[in-house]
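Think of it as A, B, C, D, E and F in the order they're written, each chain with its own count starting at 1.
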């Protein structure tokens, strides 16, 4: 009895190391008389555990991307709006975790209705224990979309309106498109579209699901909220420098680190034999994107541009996100190089042609490069069962244009169009309504004084002497 | 010669500067200062508690000009720094005894 | 011979990739004639390896929390004491690793004496190889307590006195209480108290062991060292803003990231099937804590407060630390929301009622929210063998008040009281002695000039122009 | 057919969670009728998967070290060159990934030629899928060497010349020496030298391969590029303080975090039972290094010096990098303490005796402490098959001087000399050529104005008011 | 009118400011400066080496006041900025020719 | 007494300061300012677009000295602040009515 009680108490203690020691001992000692069936069961458990660890850790790394986004955004904007941007990003993940728990998961992975939307498991009801690991990994992705929008609309958007938008992004906009692509029952991987083309849409880790949705929602927001005061003078863009390149670069490197979780974790299987290639492709594209923008800006202006070069790495990462599990390493380099061109041209196109004010380049980085990533699958995918991806479970089914396939490219175009239409139009409607109801933009006076003092009562660096514009 | 010292709103610096330049007054020196006057401070807040920052950021523009141009400069600053609300700032005029341009050694009128 | 020699040389080289390649090949090739016993042994080894990887990586993530603490603390304090705070945090972990190796582990996990203290394994003597992984994971926890104290006493405490205190915290204060709770032989999980109540104390990952000990030690320190010059004017608290919200938010997000290791690793088992739920609960409480403080400050002052909102996330995390392996996800949200209330009320109570000067809110975040976390186990625990935690090894044994149990709540109250008494009184004594022997507080002149110049000869940002108070 | 098609589509979808759910279910259900052979195969797969996860995650953690290096370097240098340093570090890893893919790996791990160099696998041609994980882990190491050089030569080196040097470092300098030590076929682990001494060279994770190569290349660079303007006045060193201790400390802690991946991952085996000891040794040396420098500077100047203390931790880490898998924990503490002495003396020696200008102490931290690390193997190694490392695959083969062995020490001395000669002379030549062709140093005017404005057109903190020298 | 320019210790700004306010001198402009005088610099240290920072942070307070109030202001500043140790700073008095309030155009006495 | 106000290049501050010290002029006050004059701004660039920063960082050195020493100080500054290129800056001389040392209450000549 005494002993029993002790044992029980031992089990109660959260971190019983003596017990752990004993367990470790036991594990090391040969276990007698295990049957092959028992062994097989144990092996299956270990395989599951490996996937759990992989997804938890990858999810953690993706979580840290919220710090990366915060830093990139504040680094490339002005001091006077820094606190506001920090709060927006901080509340994006804070709200995100609760909203994705209450609603987002249900809409994304609940029982399918017509290939369009999930309709059960609200508040994770009926969730059995095994689902939480997946929920965690999906949740950290969900809040990312809103963060992208936050960057593009920075320095003039109402905090309250943004928070409401964030709830809708995590609870509706993102999970609906996610349902189409990743639920297995959505219109882009089953049903009439797929039957017609003959192959399903492929977006490995979210060039469209996360990045294009974020980027094209941002486009709608930026259009509606208008440019920052002083951004265009007589129709010509005016330079508004950011306030901290160290934070912008730290943020970019944290984001790149995050992509190990983003793309690596999207194998969804800790036993996957292709993780190494997925990661190699990811970083080859990242490096190539940065190199390309470095060279372009060096040639164009005589000076390699820091913040655009940082954008270049992110563009490479965004682009390869769809295709990293489907292409050869040389193709990853090419995809990254082209992403570098796209982000440079995209930023210039937005400023000079569309007269859009996107302080951090989010539309070009996430929207345009994301679209390139989706197309890159249809161009460079080796196709299932071929070559290096012989037995990869998740690679794009069809071969790309370069390998003589055309179906994969076709379905990618369809998905790309759907992503743009969905993200842009739903966000446009929501922002319109928010503008009518509570005002999307802060008063001119607040914008001039800075959102930090006006919305939060405090500046970001109260003791530093700042040069006024 | 006179020194014209104007304490103005940070948000008006660009406009005043441009206007002075257009009128041919290119030379000036600018300092970040903090000031207090009729304008009460701003209420800020930290960890849920309000506190008053009674020194507001202002910008000091200094121009040394020949006596006869003083009024023209004052007029330009008055026009472009004014919002009509408390806190627009003030202009102070001081006598200057001598001016030397370091580069050339020119003095007074020639140094401007 | 030649070949043998080659092989030997190969094994000598630290990173022999060719060899690795060969090993990988061999692993992939079918291994002939394995017996079920050999397989069972191999499986057990893999299970152990999984736990090793899990604890190493979780420990690494917890290690990074020292960067998070540094950043939160400097962000919420003034420029002139920044270097000093950085040095204190840096030396906390530097000393921590050596002290926990020499003494801390022995006192915490050495052979038990009377349920009070461990008495062997000093300098890890007798440590066999398997213990190092556990040591690593425990060590990164140990230095955390002192770091909490550092934040609360910032901007006026002598560097030398703090370092000595840190040695005692890591070598004595923390491990003694840790012994009571986590050694398996301590008074809170076995012996008369437990026999009387019938159930052992449960603190999964350290709401009390780490956070309350830190928080209530900080309370003693703050009482003795007194408020910073100028903090109270005519009995009313005066605002002393921090100097960098970007660093404070980056620090908070790094800490949240760290909690993946903190709570996740505290499963102590890489094969644990509940890790997903532990992590989900952790972040649901984190988000809820932040949301609650956002709303409270918004309602109270008209402006959502940045640094308190950041505190809110930490409060949620601290609270769920005890209960994350014992409650349902909805309960995690509730625990987080209440932690948000507690941290807000606690900060105000400390400033207005107790007239304590805790620049970063450490007492409220770690002490009060930690206490709430301990109680929350007694309220929301589902209890062993019930529902979702059917076969969880580490969940709280008893059901909480909400589920009709009362014993778990009772033992939690006992543990909570013991934690407060132990942390407060031992720290009070130590600080008293330090004050008598060498002075706990820097001279007034040094405090006014800033500890950076006075204690370290250099300011944190030598080139920036700063606005003087 | 319908079903088949659905299944196919399901597999196409990157993140099919329903499918995942099903798989997880299946894994949990007992698998019927597994043979021992099938089980053995499955176990081998899991072991491989564990190694893959370990190396991917450790590689990710090492990748983040590039952020750490950036922060330490900018923190210890002046505002006006911050953007330039950020860009150099950013392009180091961006170029690094592409160059190590194209050339570096081939030279390091391609088929051996004469023990000197690898000669195939350029552009990873012939890479089968399993190799990518190793490539990833090796790649993140490769770019580190150049980063070390970047820090030592900061604030006066031409951006273009540095980039070209980086390509050569990652593509040639580093992989050649890496081939000698880690390829298994290099001159330091096989062939005449080893035959003569009787034991192979041991550098577990790169005290020489990474750090000494970086440090002594930096020595050549610093000699050739000369001190910063104003660094020496009448032959005496002049203090040039850095601009941000918060960033320097954050960087240092990120680097220490990175060492978990650096040393931990260098076990190259996720099933390794000694990982815990490797990590414990690593951090014991880190803490000891910091403590020692704290004490020295405190005694010498009356004030514990922040940036040197941070260097002390790095010195401990660099030194233990070679020996962490071969020594007892007490030895790790001693190695760290001595590394602390070495880095302090080294920094002073460089400034006062050699009149070298190394703003961040890179030569002392990486070069001198790295050399100490190499020697420490020959002194403290327990030796293969003895004591705690009974069955460790990778520990140093020979016992150190302290344990009566001398061969290991001898071969360490040989390797150390080779590392210095190779790194110094090849880098000297390259820098000489670069200087002749395009100028190694920026024009005096640019150096005075700062490289940020001159090379990149923008300062790092455009809105902050800075005190001019 | 006179401009009173006081260079004082940063730690005394709050007190001086409050005292001036209490005496009805609310308006002022404040600048962060660095100075050197009788007070030798502080010895600082970087990477184990000592170096002297001979410019110490000081705060410049400027008030423009009518001639007759000059002495009152000087007295207040003297009283509250003084510690008695070297480095307390100095007060300089300058003549002012003209003052204009930007908001209203009032001049001289009315503008104060 | 006179106030000598020199606006000079940041890179020349050290040299000017040392020279003044050698000549016995230890006391001074220094302010970070930004200025514009004959010297056009620098072209900077952000995200691939060029823009002109027309206010360049300058440093203002202020010394109050007895009338008879004015020329000596001017000469020293001229000599050490000069590079010969546009942007060297200017020296302005103002009358000072009174000086008080806060620490001792000494005035005028004694206060210097």
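Keep in mind that, in the parts below, contacts are C-beta pairs under 8 Å (C-beta built on N, C-alpha and C of every residue); 3 or more make two chains touch, one makes a residue touch a chain.
Computed from a predicted structure; not experimentally measured.
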item	value
Turn needed to bring chain E onto chain F - CA fit, degrees, nearest 5	120
Equivalent interface positions on chain B and chain E, same or different at half	different
Separation of chain D from chain F, taking each centre as the mean of its C-alpha atoms, in whole Å	48
Separation of chain B from chain F, taking each centre as the mean of its C-alpha atoms, in whole Å	18
Between chain C and chain F, centroid-to-centroid distance (C-alpha), Å	53
Residue numbers of chain F (touch at least two other chains)	31-32, 34, 44-46, 50, 94-95
Per-residue overlap in chain A, given as positions that touch at least 2 other chains	36, 39, 43, 45-46, 48, 50, 53, 57, 130-131, 134, 241-242, 244, 301, 303, 305, 456-458, 461, 464-467
Chains touching one another, given as label pairs in label order	A-B, A-C, A-D, A-F, B-C, B-E, B-F, C-D, C-E, D-E, D-F, E-F
Contact footprint of chain C on chain A as seen in their complex	5-6, 8-21, 23-24, 26-36, 38-39, 42-43, 45-46, 48-50, 52-53, 55-57, 59-60, 63-64, 66-67, 70-71, 74, 82-83, 86-87, 89-91, 93-98, 101, 123-124, 127-136, 139, 159, 244, 247, 455-458, 460-465
Footprint of chain B on chain A - complex, ascending	448, 453, 456-459, 465-469
Interface residues, chain F side, partner chain A - complex	34, 44-51
Complex contact set, residues of chain F against chain E	3, 17, 26-32, 64, 94-103, 105, 111
For the chain A and chain D complex, residues of the former touching the latter	36-37, 39-41, 43-48, 50-51, 53-54, 57, 61, 78-79, 109, 130-131, 134, 138, 181-186, 189-190, 194-195, 199-206, 241-246, 249-250, 252-254, 256-257, 260-261, 264, 266, 268-277, 279-280, 283-284, 286-288, 290-291, 294, 301, 303-306, 309-310, 313, 322, 325, 329-330, 333, 384, 388, 393-394, 396-397, 461, 464-467
